[in-house]
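Alright, structures below, take your time with them.
One chain, subunit A, links the two complexes that follow: it is found with subunit B in the first and with subunit C in the second.
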Partner chain A sequence: MKRASLSLKRQRSIAVCAAVFLIPVLILMTAYILYPIIATFRNSFTQWNGISSARKMIGLYNWNKLIHDKKFWTAFLNNVKVMFLSLIVQMPIGILLATFLDAGGKKFNVFKVIWFLPLLMSSVAVGYLFHYALATNGGLFSSISNLFGGKNIDLLGNQRVALYAVIGVICWQFIPFYMVYYMAGYSSIDETLYEAAIVDGATRGQYIRKIALPLLVPTIRNAIVLSITGSLKYFDLVYVMTGGGPGESTELMATYMYKESFSKYNMGYGSAVAAGMFILITVIAAVVMRLMNRKGGEI
Partner chain B sequence: MKKILTLILSAAMAVSMLGACGKQPAAAGGEAGGADAASAKATEVSSDDKTISLWDIATDEPDKTIWTWSVDKYNKEDSKTSGYTVKQVATVNDQYKQKLSVAMSAGKCPDVYLNWTGGPLKEYVKSGYAQDITDLVDKYGLRDKYNEAALEQTMIDGKIYALPIKNQSVAVFFYDKKMWKDKGYEVPKTLDDLEALCDKMVADGITPFALANSSQWTGSMYYCYLVARYGGPQIITDAYDQKGSLVNDATKFAGEKIEDWVKKGYFPESVNSLSPDDGEDRALLYKGAGMMLHGSWQVASIKQENPEFYKNLGAFAFPTLPDSKADQTTVLGTLGDNFLSFNCTGKKLEEAVKMAAYYASDEWMKLDVENGNLPPLKNAKSEEPAWQDIMEMINNASGVQLWWDQYLPASVAEVHKSASQKLFDNSESPEDVAKEQQDALDEYFSENGGDASTQS
Partner chain C sequence: MSQKKQTDSLKKSKRKSLGAWIVVMILAIFWILVAFVPFLFMVVTGFKQKIETIMYGAFHMPEKFFPDNYISIVTDPQFWNYFKNSVIVLIISLVILLFISACAAYPLSRFNFKMRTPIYFMIVAAMSVPMHVTLIPVFQMTIGMGLYDTIWAMIPPNVAFATPISVFILTGFMDSIPRELEEAADIDGCGRYKRFFQVILPLSKPGLSTLAIYNGVNIWNEFIFAFTLTQSEENRTLPLALWNYQGQYSTNTAMIMACLTLSVLPMIILFIFMQDKLVKGMMAGAVKG
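Now for the complex of A and B:
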């Protein structure tokens, strides 16, 4: 009896302690995440220019407009393109680089540092950097082409290639992130597994294919979810490099939302776009996680 | 357990950005969650009764000198008698518009603030942040000082809501007089002349138009001028007053002309990726392109950037279309460039207008002219050679058409800019470009009920 009440007491004090420690985080989460989301949804039912104190409730008007808004769905399609190409390009290269660094150990520290650099720069800086590097006049590619007697190469001003040029830059920036992510995954694999495999006569290649990669699957899964949500909410680099143009060729949901809210003074509709994004991203992420978990089972 | 945790964590990841986005509207609402930029800025300007807060964009020279002059003069000479002092806060141009709208949404609008009239000024008036100053303008005899067309631009329904300040900006063609003389080119009077000249230039291996169109409004000037030459300035004013549609012969003509010109190679290669912010259009002109359609503020920029080239800088008006019945002297631009609007009442408003009236004084005019501008005042004259052609153009003009992206409501202006850009890589037909703009206008009117009274 006495023991039971003691453990109960202990549980209770742990609960109180946990609550106390969680309060600051909860307050921050409420103020900066939960409240803004609710406010965004509330604003999405209003007509508001973002300036005036008058907000008119207009019910589902903005949502109806959003569903029929061709530009929004074009932007969504662009986001989906970014998502797939990011997965296809970033994941394999990330794993490849991580495998390379993992196999090389300390000898390759120099590569580790160099490859990690893009991630250390702010997106805005990267955006400006490539804005100039890809410029038609005097940009990197144009200059190289001119050197060999070719014409200027227009990457960001051409509707057909602008999006892919931007995706290339996004990959350049985020491959190091996944590289580090997978390196962490590798380092969490027990060293004795490697030793056992070698003792059993496996080659390095066999070890990676048959043992390390399967053990890396949970990491890959998380990385995929991160990459998907990241691509769907992408904003800064695109905004700096192309501003969504030319035309709507590189417009993403987030840049579209920004333009509606802050350039066109349609804060109400901009909020509806933001809320629509929120729903789309949550649904897609949930479906993807459900699918992956069903396939692989819980690990 | 792990599954749930993953779900929660990824959901948190997914929303974190939205959180950041959602935060701004909330902050802009001036509600709780308060320790944000809006309220921080607001306290900075929350002026007591005797301080007149003035917001402008004069962060660099020569603007700094030009704008501070009147503030200093008022604070030195009038403060003692009136008891009011003016406090000036300058913000970088790009951030200014956003800062102003955030301040307004928080109910902390400054007493006097810079704007560009057009659509946004209408929004400010609608929201009650710009006062009617017609009586004060008459009381201090300011009506006679300003250029009529400039004052016209500040009026909504015949009432004055702002004072024009800085410069007479109109879109004109700039060219290199020496180069043209050497090659035997002549200033084109009509659009046919212009096309003949451009063909000659293309044959000579010269790109006729130095245009950098990544900012969209630069290319839009060609479009607006062509529409005005074909159908007159009333095409856009009628559309804005819901008396006509933008889907008409004039916009079709303008769109087809640009399409044709693009095909003939009048514009530089990949024009939509060149950036006017980096001065790529001026660079093209310096390197020998034929001519550049641009705002007259380029005079000051070229003077500073390339004094050698400046010596031979000439300007001419957009060529005419003799067959058209429309008025062919219309110029595209803004007479004033920067404007001041007032958000205070009674004695304070009167003192604020008094201060702003110093921007119409002869002494200040001299200062403004010295710095390469032409103030929107009746007796303003500039000795700069490049300005002579431009002044003549303005004096001969029957009217000034405000740039469309300034004239239209912000939501339509954005559509106008991105739609007209598509003409320059032939990615959308002229009809669709016109329709896209008209659709945006229709949507604006359907959402705003056509007039101000249904708002608020």
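Now for the complex of A and C:
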């Protein structure tokens, strides 16, 4: 009896202690993550300029508008294009670069250092750099074309190619990330496997194809999840590089939400865009993670 | 005869592997160009005069050494003000972040209490919340608290959004610290609070330093909160310096490139002096979300 109350007391003191340690984080997360999510959904049912306290409840008007808003769905489609092309470009190149560095070891350090450089720049800096590096006048591609007697090349001003130019820049920035990620994956493979394969008469290429790559599959799967969830949230780079233009050709969900809320001060509708974006991202992330985990069970 | 055949095929396969080797090297060098040329463009263009960037293409070398762009930025007190703001925001955010994350990770890793699983689950779920969904309410709250357009405005959201992943990583790290060490301290009459400060926190240093790099880089580069929650030049951080310089000198490519180069310089210096640690730190966030 006494013992039971003692353990109860102990349990209570543990709970108190846990609460003391957890409270700062919980308060901060509630105030800056949980509450804002709820508030955004609440605001999405209002008409509101964000400044005045006058908030008019307008029911589902904003949501109805969102569902029929061509600009929003163009932005979503652009996000999806970014997502797929990022995967198709970044994953294979990342694996190739990592394989090269893994095979070469220390003597390829120069390659590693230079290949890593883009990741040292912030997204804002990358956006500005390529705003000028892809410019029609004096940009890199125009200058190359001029060297061969060609005309200037307009990448960011052309509605049809601007999005692909942006995706190219995103790949430039993030390929080093996946390169390092895959290198970490390679380095976790037991070295004796390589030695055993060579002793058994396999070539380096056979070792990579038949042994190393299959062992890299879990790493690749994680990288795919990271790339997909990242692609749906891009903002900084696109906002400073193209501002979503020309037209809506490079508009993403996040840039559209920002413009509606903070340029047009249409915060009720901006909230609906943000909430819609949140729902889409959550659903896609859940589906992708489910898919990836199920595959994991089969292999 | 058969031996000759064998050496032939050996020669052939050698030639084949040499060919493959050359192709691989050409691709590797091509990728060096892809990664490096934009960088070079940035640094070199910074040394050009405005007129050169208008008259000639990107590959025209500067006619004479022209450091004026760099000098005029470095001698601009406003630039150093951005820098100072960035440093203040970085240091305060990091100290608060690392301390409260370590505090939260301790009970999650060590104690058995009813709410542990739900709280842990909530923190993991928060890792995938896009910050845009919180932007308008955070903007409103910042105005309400009177922090709008001050450098303090960025600190709470910076810390809040870095918390979930930091707690997640630190909880994992603390799980790997052997419990025997604490038990020894327990026998010595050390309470739970004391044990945290005297045993767990010092042993968590490697995890904390990795997180300091990861979060430090992110906070240093943070754009959207700084952009939304401040307005006047004197309260903005370095990523916004680029924004303001671009507004001022939008046609002066050379000036912007000089500014960009200077903004990347701190990272390059870190990279030179602690390459492995920096790379490891920057990858810390790459956990399965």
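Operating definition for what follows: the second predicted complex is superposed on the first by the 265 of 299 C-alpha atoms of A that agree within 3 Å, B and C clash if a C-alpha of one lies under 4 Å from a C-alpha of the other, contacts with A are read in each partner's own complex, and residues count from 1 in each chain.
In this section, contacts are C-beta pairs under 8 Å (C-beta built on N, C-alpha and C of every residue); 3 or more make two chains touch, one makes a residue touch a chain.
No experiment lies behind these values; they were computed from the predicted model shown.
In the superposition on chain A, A:T282 makes contact with both subunit B and subunit C.
Looking at the shared chain after the overlay, A:Y32 reaches both subunit B and subunit C.
When the shared chain is aligned, no partner comes close enough to touch A:T74: not subunit B, not subunit C.
In the superposition on chain A, contact of A:V113 is made with subunit C only, not with subunit B.
Looking at the superposed arrangement, the partner reaching more residues of subunit A, out of subunit B and subunit C, is C. Once the two complexes are laid over each other on the shared chain, residue contacts for A:L156 go to subunit B alone; subunit C is not touched. In the superposed pair of complexes, A:A54 makes contact with subunit B only, with no contact to subunit C. When the shared chain is aligned, subunit C comes close enough to touch A:F130, but subunit B does not.
Look at A:A274: by the touch rule set out above, it reaches both subunit B and subunit C.
Of the two partner chains placed by the overlay, only subunit B lies in contact with A:N266; subunit C stays clear of it.
Residues 31-33, 35-37, 39-40, 43, 50, 135, 137, 222, 225-226, 229, 232-233, 235, 254, 257-258, 261-262, 267, 270-271, 274, 277-278, 281-282, 285, 289 of subunit A lie in contact with subunit B in one complex and with subunit C in the other.
Subunit A makes touch with subunit B in their complex at residues 31-33, 35-37, 39-40, 43, 47, 49-54, 56, 135-137, 151-152, 154-159, 222, 225-226, 229-230, 232-233, 235, 245-248, 254, 257-267, 270-271, 274, 277-278, 281-282, 285-286, 289, 293, 298. In the complex of the two chains, the subunit B residues touching subunit A come out as 2-3, 6-7, 10-26, 28-29, 31-33, 98, 101, 104-105, 107, 120, 123-124, 126-129, 214, 216, 269-275, 280, 283, 409-411, 413-414, 418, 421-422, 425, 427-428, 447, 455-456.
Interface residues of subunit A facing subunit C in the complex, by the touch rule stated above, are 11, 14-15, 17-18, 20-22, 24-26, 28-29, 31-37, 39-40, 43, 50, 93, 96-97, 100, 111, 113-125, 128-130, 132-133, 135, 137-140, 142-144, 146-147, 172, 176-177, 180-181, 184, 222, 225-226, 229, 232-233, 235-236, 240, 253-254, 257-258, 261-262, 267, 270-271, 274-275, 277-278, 281-282, 285, 289. Contact residues on subunit C toward subunit A in their complex (touch as defined above): 24, 27-28, 31-32, 34-39, 41-42, 45, 53-54, 56-59, 100-101, 103-104, 106-108, 111-116, 119, 122-123, 126, 128-141, 156-157, 159-161, 163-164, 167, 192-193, 196, 220-221, 223-224, 228, 239, 242-243, 246, 253, 256-257, 260, 263-264, 267-268, 271, 275, 279, 282-283, 286, 288-289.
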